[in-house]
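These are the structures in question, set out in turn.
Shared chain: chain A. Partners: chain B in the first complex, chain C in the second.
Entry: the complex of A and B
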């Protein structure tokens, strides 16, 4: 029900400089594979996330390739070392060319 | 050893072979469920949308919910803990109102804007947000006074057998609770209402408790009651009153 492209990043509380923290991200997306059919029997075109990029400040720290096999509302969790204060930005791109962004501030 | 003996031996060994997780009402293991709970509940994204709607200016006077409920207007009343008492009797409307009906009532009478549809994502988001303000508090629904006739009706709706399969809510969730239906244990209703609205993994979506009732009713081959209708609100009142005293924990995360 939630709108496609709404995203959320969660960081743990109470970390210090140099700690490795677990970041969690979710992006609301239908993740249609292209193989499904609707109620009238017409095929549902593929509509899924193709890439997820993680930026820590000015630096790209991760680049992930995502396919239709990832389930609805893709949830991605990764570890990052909190070395300096900077925004952690996650960028989702999908098959229709949409770009969704969400960022959370890492403060040390 | 003939086949019959083997089958008998297998049957005798069966109760011992039931894994520990089968005792739970969830059809996935505790370890898997813990993994899911560790992650982000997708309903939290919808709750954030609810927060945006709460601050959205609407209507002829350009008011938002937050304008009145966060202290700037004279009639202001903080909503922290308010949702714990819903469904609640409303004097002006002379009926019991569920939280979503109350929100719509506020939108219509207070803000003078178009109320939301009761099965829209917007009302789910707003209800989730407002109920989230009472997280950690105890459900405290009044079943006496003006709400009592509604409670009685709700109890009757809960116990009334109807539909093609001649089932009532009570049949499965009370009399047969603990038995297995389609690979999962039937849960007794208990304090279940305290974690709704919830995200359902099977549907991959967030639902209000009344929408869940509707799904349950169509599975049981009953004509689903309409959201916001008198018997539906009465049923919500009855089921929520069973959760009285339990801590509110929204958004829930259920199978």
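Entry: the complex of A and C
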């Protein structure tokens, strides 16, 4: 899947310094649980996101342990206090050791 | 059970019969696997009710994509914040769904995801506070077409 790892971060518009804002993220990924089978009945090996890190500037503010039960193309949304202008960077890692990154600027 | 429910149930059974490879109930987690996952989060502490708001549909037509949100009441200050939020689904082959570690910089203890449910199952949300106390909420989600594969 050529698009695996393509990621998106959406921040709201019109916030000001100190506001708590909601970040919405999507990372294109098959999220195979390891429990599914293909058309010939052969098991599909697990291939899913295992962790997500959230960096705000130089500081890691959040990290996540992700399992195959998160749907295909993981949608994960969280909140962050917009205390200063800095990039919000999200890093996804998966069962094959792939690392995907996406950033969005928080401007206050 | 009214006529509509009977039809939905019949359709669900039909789907199971038509796709046994895609949807096998033999995958459901053992009860002790659920207890193990809970203990890993709570550290053996008894979870208190309150503070955690778990939002999930009562009926999910497609178990492959079930929107679930968790919000925990907390000032999110250095001295008093939510350290982690964990979502579990009892009847999934692997009950753990996602666990997030938070810091006061998050400003609010909030997590929203789209998750899979292999079959009708209780969904649980656990929040561990910075003082070590644990709060939980639970909601049953009825699944008409499982999202196990």
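Just so we're on the same page, the second predicted complex is superposed on the first by the 106 of 108 C-alpha atoms of A that agree within 3 Å, B and C clash if a C-alpha of one lies under 4 Å from a C-alpha of the other, contacts with A are read in each partner's own complex, and residues count from 1 in each chain.
Simple rule for what comes next: contacts are C-beta pairs under 8 Å (C-beta built on N, C-alpha and C of every residue); 3 or more make two chains touch, one makes a residue touch a chain.
Note that the structure is predicted; figures quoted are calculated from it, not measured.
Of the two partner chains, chain B is the only one that A:28 touches; chain C does not reach it.
More residues of chain A are touched by C (comparison of chain B with chain C). Once the two complexes are overlaid on the shared chain, A:77 sits against chain B and chain C alike.
In the superposition on chain A, contact is made by A:67 with chain C only, not with chain B. After overlaying the two complexes on the shared chain, residue contacts for A:7 are found with chain B alone; chain C is out of touch.
Once the two complexes are overlaid on the shared chain, A:106 sits clear of chain B and of chain C alike. Contact with neither chain B nor chain C is seen for A:91 once the two complexes are overlaid on the shared chain. Overlap of the chain B and chain C contact sets on chain A: residues 24, 71-72, 75, 77. Only residues 21-22, 24, 27, 64-66, 69, 76, 89, 92-94, 96-118, 147-149 of chain C touch chain A when the two sit together in their complex. Chain A contributes residues 1-3, 6-8, 10, 24-26, 28, 71-73, 75, 77 to its touches with chain B in the complex. Residue ranges on chain A touching chain C, taken from their complex, read 20-22, 24, 33, 35-37, 41, 44, 56, 59, 61-72, 74-81, 83. Those residues of chain B that touch chain A in the shared complex are 39-40, 42, 44-46, 48-49, 121, 124-125, 204-206.
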